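The following blocks contain the structures, represented as structure tokens.
There are two complexes below, and they share chain A, which is joined by chain B in the first and by chain C in the second.
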Partner chain A sequence: MATVTLLLQTLILGLLAGGVYALMSSGFTLVFGVMKVINLAHGAMIVLAAFLTWWVWDRTGLDPLLVGIFLSPVMGAIGWLLYKTVIARVQRADWELTLVASFGVAVAAGGVMALVWGAEGHAATPSYFTTSFELGPLVVPQAQLYACVGAVAMLAALHALLRGTFLGRAIRASAANRDSAALVGITVERTMAAMFAIGAATTGFAGAALSVLYQFVPDSHYRWIGLILCVVILGGLGSFLGAGLGAGILGVSEALTSSYVDARWATAVPYVLIIVVLLVRPQGLLGGRVRADGVPA
Partner chain B sequence: MSSAARPRTTPHRSRRVLGAAVATVVLSAGCGLSGATPEEGSADDPIVIGMSLPLSGPAADRAKPGMAGYQYWVDEVNANGGLLGRQVELKVLDDGFDQQTAISDYNRLISQDKVDLLLGTFSSDLNLAVAPVAERFKYLYIQPSGGADEIFARDFKYLFFAQPATTQRLPNQFVELIERLPAATRPKTVALVQQDDPNTTQAAEIFEKRLGELGVTTVYDQTYAPDTSNFDTIANAVKQADPDVVISGAVTSDGVGIVRSLQKVGFSPEMFYQENAPTSPTYAQAIGAANTEGIFTPIAYSTETDLAGNKDFVAGYTKKNGAPPDEDAANSYTAGQVLAATVKAVGKLDQAAMAKWLHENTVATIVGPLSWDAAGRPQGELLLAQYQSGTLKVVAPDAAANADVLHPKPGWRP
Partner chain C sequence: MTAARARRAVIAGLILLVALVPVFTPDTYIHNLLILTFVVAVTASGWNIVGGFTGYVSLGHGAFIGVGGYTGGVLAAHWDVSPFLVAPLGGLAAALVALLLGLATRKTRGAAFVIVSYAMLELLGLVTRNWSGVTGGSQGFLMPLPSWDVRFQNWPFYYALFVLVLLSIGMTVAIRRSKLGLGLMAIRDDEDKAAGVGVRTAVYKSIAFMAGAVLVGVAGTVYGYYVSTLSVGTMFDIVLSMQVVLAALVGGRGTVWGPVLGAFLVVSLSELTNTTLGGTDAGAFRLIMFGGLLLVVVLLLPKGILPTVGNLLEHRRRGDTASPTGTRLEDTPLPPAPARSGTAPSTSDLLRVTDLTMRFGGVTALDQVTMAVPRGSITALIGPNGSGKTTVFNAIDGTYAVTSGSVTLAGRPITGLGRAQRAHAGVGRSHQLPRLFDSLTVVENVAVATGEFRLAGLVRSAVSGAEAARAAELLEFVGMGAYLQARAGDLSYGQRKLVELAQLLMLDPDVILLDEPAAGINPTLRARLTALIRALNDSGRTFVIIEHDMHFVLSLADRAVVLARGRVLADGEPDEVRADPAVLEAYLGADLAVGADR
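This part shows the complex of A and B:
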């Protein structure tokens, strides 16, 4: 009985962690899928949102996850600014340089956050942060559950936005073919900026979830961007559903490794998965195969 | 659109990307490394003391107060006329809690910047890597933190530890406390959960052995990687093992992660002992102030002792920094005290003579009189503290205790 409980509990915790990973990765994979921009500052934006959440919570006592919802447009605006001032300019010069530029932004952001909030660990601790729902011998941590539910809602909203609105169609059209999209009257540049802002907006709630679930420091973004890269490579770069699937697999494999193999190996799981996926199925689980010139094979 | 939808990279492009990447790395490595090389010391030049601390990265929350302790010590020394009649200044580099960076920083401080003296860095992990550099160049190396015995097992001549004891004796007080409990309430089982760090893993081995001798069985033993942030599965496994005592070998914020996860899975042991993390200034807020009640931690320092100089240090430091010194600030101040004592006694900056003097003498510090064995291990005892009503009280040894032990620990509060 104890072994079954351990297994079920491990799976529950792994899936809940996966939900948060999915939320963190969604904006990143979306921006890549549409714009081909690998935004290495995504992790730093999540940590920034976590700091802002913590700061508002600490001052006002407002629920951190609620703060996260209101933070989404703020992070969107920051993302828009980042796109206009850095990404778009660098992209015009050479789109591959966006990788270096966004990494530079991440390093700088880490330094600025350390100056403003200090290097010590922070964590928002609302009343439910350590309480759990009990199902017999099993526990479902409340904060994880709320974050997971929020993540699914956020992903559904993004999906609806891309499928059901003009902006969404414009984004998809620009992604498929910039020139043709411009021909039918879409302002590609503005659409791209909107896309980047939407991707950044997802970091609002993701950061709020981070602030409740884990203690974080300014440099935490290195760990999270590593994890996000793993999730999207596993699921398929640019694939929205792939990010969800990759995140679930990663969460569960980490949990199983920690419970049944050795906790020392748990943090290596993302990187082992990256290597395996790149060897066996380089396009990721749900990524499409594409010829080198970008035409679906 | 999907993953591989990107044009084939031309060689020209990859060169440019590579060039930009290299430039970025070189530039960022160059940050903070400016500054003139001091000349070989004339009588008017300040004495330059070099160090590299993990001011950024996961151990930054410990290095920042550590740095404040060093700075307070320097200001005090300078206000009292300096060392050997010369003012003292610090040259501090940031290693980001990376062993390789720390090694190259100390190499640079010694061979390029030609600093007059060194002071040590934080954590066993970094000191393990840095101590051999100082030894190779025959520089006196007094470390404020990092008690893993591995560091001292190499019989270095220039290495000294500025805390009362190394990890070898860290478990003493807690083991003796358990030994003193009446048989009926004495715990039967223990879970050991520790970060993969030379200090914490060594302590865990000693705990397992010595508690085993008292009949306390180890029912769970897990070591996790330093970059672990999700402790839920570990906490769940601890809960399934249902131990009476949990011994958490934490290094920094991982300690908070462990406690929060134990709370989430709803497991509160009768006794909870945790290294390092409980003395962090953000600990109580991060785990919930009420939940600190009953948590044990070994400490090298307490603001409340009457040891020589301690009251003045606490008052002066509090006045300057707006908050009383934590353990890390006190440890680096102690390292400074030891360095100043040997410089004054020897009367010149002769590294070999200073090391020899420390091996033969006792230095009065705010953590008590310190003396060392041939390998630099201090010959004192650590204190055992326990959170009671929101503050850390010393509960053992009896000579230093200012509170009774609270047993068993109350459960977590939502």
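This part shows the complex of A and C:
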């Protein structure tokens, strides 16, 4: 009986973590799907949002997760700025190097955060951060639950935005074919900027969740981008649903490794998964094979 | 000539100067600075072979320093020998890891490679930290103390790393000039096309990855010995990996000296900030500076210093006159067709396609296509748009894995072979939109094609010797002899078609598949093309030609196969096919029937 309990408990914790991972990865995978940009600064934006959350919470005592909701537009604005000043320019100059440029942004951002907040660990600790609901022998940590529910709500809102609005249709049209979208009257450049801003806005709540659930330092962004890369590689680069699935798998795999192998190896799980997936099924679980044409696009 | 000699003298002088630094000055500060520079230079040169030549940008190249350092350290302790002795094993270990990394890129490109290289760096760091029984874990791993006389200071480290820098440069030069290097640059420009002209991409990439890691691994052991305590933080440092990318980008990707120049700049700058910005915030400032610098270089100087300066000098020397416009083609007489080396012609079918079916999801692009191409024939493959003509080519040359059916060439089944192997077996194929390696010159574009694969052949020089001579001869034949040194990216559409033809002739193929050779080119060039195809056909080559220009293709062909909706509609002599009522209805229409009567 105890073994079943342990397994169930592990699955619960894994899935709760997966919900937050899904939100963290959603913006990244959307930006890749639409713009074919690997934004390595996405992890740094999440950590930045975590610091901002912590800072507001520390000053005012407001609920960190609530702060995260209001951070969304702030992070969106930062993303828009990043797109205008760096990403759009590099794309014009040398498309291949956007990834290197975004990495440069991430490294520099790590430096800036270290200057402002120092290199020691931070964590937002609201009243509920150590309390749990108990379901018989099973334990559901409140912070994990609230963060996961909030993340799923954010994802649902994002999905509705992309499916139900003109902006969403314009984004999907631009993703399918930039030139044709421009021909039917979509301002592709503005749509791309909006897309990038929306992708960045998801880091607001994701960062808030991070600040409550984990301890973080400026350099944490290397770890989180590794995790995000794993999620999107698992699910298939650019696939929104795939990111959800990949996040669930990663969360559960980490939890299983922690419970049954050794907590020290849990951090290695994302990297192992990346390498295995790229060896076995490089298009990811839900990524379709792109039809290879005899002629280049 | 004098410019080249002056260049060589300057380089020799600089090398000598750096070699003599420890003799001139006993200042260990300068020695240490240069040792660090050498480490970055070796790593950046290795990165350049993978990221510069082959186009696989890696963010984890510093991992090879760690692999070499820990391998050398652990083995030296185990056998109780000097780390210098086991440094080559550190290189071997790094090369093996690189080979594994290469395996992950068999099916993935671009972005996925960056991700996997990053994952490798982080994973190796974690494994080293957790595997504390062997590596000392977070405690660090102590290297033996140097056994030489203190009067020699850091000299052994200095010279060992200096030699490694020279070896790195030598290896880069050798690769740059070889057939291997040309193949790598072709992979960078268009990997699928490279396979189509006979480049065994998986083998080339594996060699490149190993070459890019081996000296870095050796340097890792020496560097580990030098820092004396190995820790995950220094040996698997993401910031070091980033400095390496920065050095290669600043100096110039794909150049020989760029990464070395970049290493000197990056390390000097790093040192400058270390000395001016002391205190607790120095680390943060360094991150901001390097991240910002990476950004600035990508935005303002994406090609790097050496190529930018080189372009400026070239521009000033030659002015603007070097654009590849030129002679009128009809003025030049057609040279004799290049000789076929190959088997004696037999009467049987050279190429046979049997029950070929190709499905993409729910779409059936080819439905049990069966056709035979007699040896020595010119077979036209015609049909409406979307009827599956190009898909047949893709199935024959291996671009697609077919759903079912088989392809045989001269009686030998080739369905199971990869693209490069099919090119070696004798399939040459042109593309509807000609695909060339845009950053290579015209003659390099042709010289890169290879009709066979031998490891020993990879070291052959690609810029001189028999290969280049044959490439020039073929370009002469197609009428592009005046443009040997032009960059392929600067050519016009028609010129690209001719170069692509020369490229596939370099394979010395049995059967040549041409995809719409006459589309979009002017009548003069079209006449020239007709003459070329005739001459090549007379010299024993077999053609399959996809074309929409019926007069052009049916006057040339001795057989025609008509496809419609993925099925063979008709197959026979051009005149028969032209008169076939089913074909007229499906495709040709009344116009051509009238034209045929004329």
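We take it that the second predicted complex is superposed on the first by the 290 of 297 C-alpha atoms of A that agree within 3 Å, B and C clash if a C-alpha of one lies under 4 Å from a C-alpha of the other, contacts with A are read in each partner's own complex, and residues count from 1 in each chain.
We take it that contacts are C-beta pairs under 8 Å (C-beta built on N, C-alpha and C of every residue); 3 or more make two chains touch, one makes a residue touch a chain.
Worth saying up front: this structure is predicted, and the values here are computed from it rather than measured.
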item	value
Overlay on chain A: chain C relative to chain B, clash or fit	clash
First, second, both or neither for A:D94, with chain B first and chain C second	both
Touched partner set for A:L115, first chain B, second chain C, both or neither	second
First (chain B), second (chain C), both or neither touched by A:G104	both
First (chain B), second (chain C), both or neither touched by A:Q9	first
Greater chain A contact set [chain C / chain B]	B
Partner chain in contact with A:R59 - chain B first, chain C second, else both or neither	neither
127-135, 271-279 or 361-369: stretch of chain B that collides with chain C	127-135
Shared chain A surface residues [contacts with chain B and with chain C]	94, 96-97, 99-100, 103-104, 107, 110-111, 114, 119, 218, 223, 237, 262, 264-265, 267-268, 282, 291-292, 294, 296
Chain A - residues contacting chain C, complex	32, 38, 86, 89-90, 93-94, 96-97, 99-101, 103-112, 114-115, 119, 218, 222-223, 226, 229-230, 233, 237, 262, 264-265, 267-268, 270-272, 274-275, 278-279, 282, 291-292, 294-296
Footprint of chain A on chain B - complex, ascending	1-9, 13, 16-17, 20-21, 24, 28, 55-58, 60-61, 63-64, 96, 196, 222-225, 227-230, 232-234, 236-237, 240, 252-253, 256-257, 260, 263-266, 280-282, 285-288, 291, 412, 414
Residues of chain C touching chain A in the complex	55, 57, 59, 103-105, 107-108, 110-112, 114-116, 118-120, 122-123, 126-127, 130, 190, 192, 238-239, 242, 245, 249, 281, 283-295, 298-299, 302, 360, 390, 393-394, 399-400, 431-433, 435, 515
Chain A residues touching chain B - in the complex, by the definition given at the top	2, 5-6, 9-10, 13-14, 17, 33-34, 36, 94, 96-97, 99-100, 103-104, 107, 110-111, 114, 118-123, 125, 127-132, 134, 139, 141, 143-144, 175-176, 214-215, 217-220, 223, 236-239, 254-255, 258-259, 262-268, 282-284, 287-294, 296
